[in-house]
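In the two assemblies presented below, subunit A is common to both, partnered first by subunit B and then by subunit C.
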Partner chain A sequence: MINFIIRKILALIPMLVVISFLIFLGVELMPGDAVDFMISPEALSTVSPAELEALRDELGLNDPFIVRYFIWLANILRGDFGYSLQSGVPVSQLMANTLPATLELTVAALLISTLLGSLLGVVSALRKGSIADNVLTVAGMIGVAIPQFLFGLVMIVVFVFNLEWLPVGGRMTPGRELFFQRLEYLVLPAVVLGLALTAGVMRYSRASMLDSLNKDYIKTARSKGLKEWRINLIHGLRVAMTPVAVLIGFRLPMLIGGAVVIEQVFQWQGVGQLFVMAVRSQNTPIIMMIAFFSVLMVLVSSILVDIVTAILDPRVKLS
Partner chain B sequence: MRDDLILQVKDLSVNFYTNQRCNMALRGVSFDLRKGRTLCIVGESGCGKSVTANAIMQLLPDLSRIESGNITFKGQDGDIQIEKLPKNGKQMRKLRGEVMAMIFQDPMTALNPVFTVGFQMNEMIQAHTDLRKKAATEKSIGLLTDMGVPLPEQRVHEYPHQFSGGMRQRAMIAMAMACAPEILIADEPTTALDVTIQAQIFELMLELKETEHMAILLITHDMGVVAEMADDVAVMYMGNMVESGTVQQILNSPSHPYTIALLQSIPVLGHGKNQNLEPIRGMTPDPYHRPPGCQFAPRCDFATDICASRLPDESVFDTNHMVRCFHYEEIKRNKEIQHGKK
Partner chain C sequence: MGTRALQKKMDQILYREQHGLLKSSNKSRALRKILANKLAIIGLVLFVAITILCVFAPLFTPYQPNSIDLRNRLAPPTFGHLLGTDQIGRDIWTRILFGGRISIFVGLGSALGAALIGVSLGTYAGYRGGLLDATVMKISEIMMSFPQIILVSILVTIVGQNLWNLMYIFILTGWSSMYRMARSQMLSIREQEYIQALRAFGISKAIIAFKHMLPNAIGPIFVNITLSTAMFILQEAALSFLGLGVPLDQPTWGNILNVAQDLTILRESWWVWLPVGVAITVFVLAINFIGDGLRDAADPTLIG
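Moving on, here comes the complex of A and B:
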């Protein structure tokens, strides 16, 4: 197992190099460059082209593409992710300030959608055809179809303005930073971010569970005189879990993407907000860092999928 | 011989309700199972063999229902009416596994792929005894040894996919035998296996019948298997037993046109290649549009008007040779004349 994991991680390295190159290329192809955004249009008229060139030289923007790529890569390997072009703050520090907030949000959303989604899906499957099942099926369809920002706004109207149960946005009240005090800020954005995934997991685990309950081994289990809960929750659920775990793993990137929107809606000071700000001002070091980081998350989640599948299904060979 | 009666099925009818249509899968099936004897149920695909087996275990799917009839288990503590027990209630669960166990056609799909064979055997043992996990595992190892699974100490911790088809079926039998059931129901246990393995599995079942004095209900569509395994035979056609009796009675003096046709349609080993094999003419009727009267009438050479009017009753001769046909006496006479000519 350890071998398997190490091999998977080693296989990441060449992939990351290729991706870093693509990201660098992508940023290169964006119109304009950092200098255009550093200087306001009014100021631009007073600056001579020679001064602009000097600034470009200073920032290293005039070196050949390949040279800049390798300088950038070497810096990254040394842990130097560059500096924000606007504030001059190291990118790594900006990430350190925002990443915990985003992780908090995505992990909470992941937990909600995994637990709630599979619970509702399994209940739905065990009570197939009941009213609860039908209600959940319709709710699932709505959950998959509704745009996140719309759902977020509706939730804000209901829970913040009408019921006045929860704060409108932000991450915590200064001075009240205990876990449970922060929870009321986390609930809404996490639920909204997790909604689509919850609905997806629910529909998928219902189908997977029904499929499993129709298999021959269920009949065998029943013919052994086992109790119904054991038949459903041990034999049925255990097999149904694998495809659901794979689905969750592959949808993880969706959470990361969704966080950009949700952080805007709920004023959540995370990587998503940083990203939007950076794109607006073409702050390339930040954009590259976040892009690189997102890709890394996607790759890591695909490794997690492989590991979880290997744990859940003994038929998966570890070699 | 009466004392050996362990399970009695009387006039069992089962309907399936699919898409607002009703399929009368079983229409009055009766038979007895006796200790130390094997009853083979033969018949073509769709005649209701599996439904019969599942009805006894109360494993029928939700869309089906036992309409009428009795399934009586003749236990030491008196009779139990199986069809009256709640499907997944405590009593039924006790019967399953302890009194009767079942093995299935495809041992690959019948075992859960994500649990070890040992886990699945222990589960059976622990559901019916107070044994702890360790003791249960030891018992499982013992059972695997008895069923001829090599390296049982190692095998018990392996997953079904690590077993070969034959070994898997042995493991299934080992699991079925875990609580020393009095009845073993085997629904085409060797269809998914190759011929040599098939012979080994049957060998094992014969042995168990002798040593454990078990009653075996063996479902098959293979007359060769019947000749080899059966003490008693019941021939099914479209939800009815059309003929039943001892294996000698059925194989040597078949009296129902369907049984006769069935026997003529299969090659007999050692008779060379010039055998007169005759496929049964016509097609199996659509179960949703069953012919009125005798189900076999549309395909039968002896059919007359009466056959289409109503279902013939069961007639018994030679003590326990049952046949469900209006013309069986005539058919018997014809056959004797034919034999005479030869």
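Moving on, here comes the complex of A and C:
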């Protein structure tokens, strides 16, 4: 097992080098550079081209491409992620400010979608053809079809404007920053992001559970006279959950993508909002760092998926 | 059905099989299964209806999508303006119809483009294997490790915001899942005996792959195209919401929804954002119904 994990992690390194190069290349290709955005158009007329060049030199923008790539990579390895081009704040500090918010949101959404999705999917499979199954199936189809932000907006209209139960957005009221005091802010974005993913998990776990219930070993278990709940939960569910675990792992990119949109809807000050702001103002160090970080998360989660699969399904060999 | 009737039916099937007549009934089996699938039919009707409304938009509305009427700002629905007007007095119903043209075009066009690249690469590389396959596989792995919206946002800023660029980006980021699907189909078809026979005849690899293998994988490909269309339409909407999609002067479903970021409009003028939201949802739902129907029809393991 340890060997398996180490090998997986080692295989990650060349991939990360390639991806970091691609990200750097991509950002390089963006039109304009930081200097264009640092100086307001009115001020630009008073600044001489020589001063602009000096500023570019100072920021290291005039070095050859490949030199800057290696400087960037070396800096990252030393834990220096660069500085925001507009405000000069270290990117690592910006990430440290926003990452907890995003983690809070995504972990809550992941919990909601995993628990609710697999539970409803299994119920749906066990009661196949019942009213509950049909209602859930239709709800799941609509859940996949509705744009996430639209769902968020509808929830704002219902729960904030009409019922006035929850705050419209933001993350906390100043002075009330304990976790349970912030909870009312978290509920809506987490539920919206969670439910948006629930539909997929539910559909998948229903199909997987149905598939597993048709297998021969279920018939064997039944003919042994085991209790029905035992057959379903112990023999059926365990096998059915393997593909679901895989699905949840592979949904992580969608979760991150969803968080970008949902953070915008609810003014949730996380990494997603930081990213959108950075893209709009071409703040390259921030864009690079977030892109790199999100890829890292995806790759690590795919390793986790492999491990969970191996634990759940004894037929999977680790070699 | 009595035993004799059953036997008679079996005899008929046997007869048709022996005389090579079964093929025609086999062909209609997929069609029959789709027609028997109520949801797929509902989806198809909705899809066709919305597409016709959008394509022939000028026939269904007297207004232009971008004509501004500042005396009629944020007017609620009336007979003159079926779905009211937006904050600068443009007719919402007209904008939804014209916006649908672009949104559907982007969704369908990107899905077809991605399928063209992904399927041709997947078919050929999947059959040939070797270095080509390994390289393309690695590239697709790298593409897929980016969260889609992050990759798309970076690309949008590189090439600039316009309609065609958005489609190119969708194709560039979307082909890899098509490639993987086509490739996995090819890998299983490759092992079948008729392929060995073709190879023994000395037929070229490209002809085997595209003429003799691809048609057997066409079912899942169509399913994938429909589902990708839905995905791209949702993505266009999300990007426009973030201000990174099609430029705001062109009406698209996402751009019309964009104004709902304004909390006053969200609270007080439901007709500006709700109908277009419903339009997107219903259209995507319709495509998903069709996709599900196609999948059931193409999959011989599901009997019914």
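One rule holds in what follows: the second predicted complex is superposed on the first by the 319 of 319 C-alpha atoms of A that agree within 3 Å, B and C clash if a C-alpha of one lies under 4 Å from a C-alpha of the other, contacts with A are read in each partner's own complex, and residues count from 1 in each chain.
Here is the rule we go by: a residue touches a chain if its C-beta (ideal position, glycine included) is under 8 Å from a C-beta of that chain, and two chains touch if they have at least 3 such contacts.
Source: prediction; values computed, not measured.
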Touching partner for A:Glu184 - first (subunit B), second (subunit C), both, neither:
neither
Let me test your reading of the model: by the given contact rule, A:Lys224 touches which partner, first (subunit B), second (subunit C), both or neither?
first
Between subunit B (first) and subunit C (second), which does A:Asp63 come into contact with in this model arrangement: first, second, both, or neither?
neither
Once the shared chain is lined up, is A:Asp211 touching subunit B (first), subunit C (second), both, or neither of them?
neither
Winner on subunit A touched-residue count between subunit B and subunit C: chain C
Output check: A:Phe149 vs subunit B and subunit C. Expected answer is one of first, second, both, neither. What do you get?
second
Going by the contact rule set out above, which residues of subunit C touch subunit A in the complex?
141-142, 144-151, 153-158, 160, 230, 234, 237-238, 241-244, 257, 260, 263, 266-267, 270, 273, 277, 280-282, 284-285, 288-289
In the complex of these two chains, what residues of subunit B are touching subunit A?
57, 59, 88, 92-98, 101-102, 104, 106, 109-115, 123-124, 127-128, 159, 161, 172, 175
Looking at the complex, which residues from subunit A come into contact with subunit C?
15, 18-19, 22-23, 26-27, 29-31, 141-142, 144-150, 153-154, 156-157, 161, 168, 253-254, 256-257, 260-261, 264, 275-276, 279-280, 282, 287, 290-291, 294-295, 298-299, 302
Considering only the defined contacts, which subunit A positions touch subunit B in the complex?
215-217, 219-228, 230, 235, 238-239, 242, 312-315
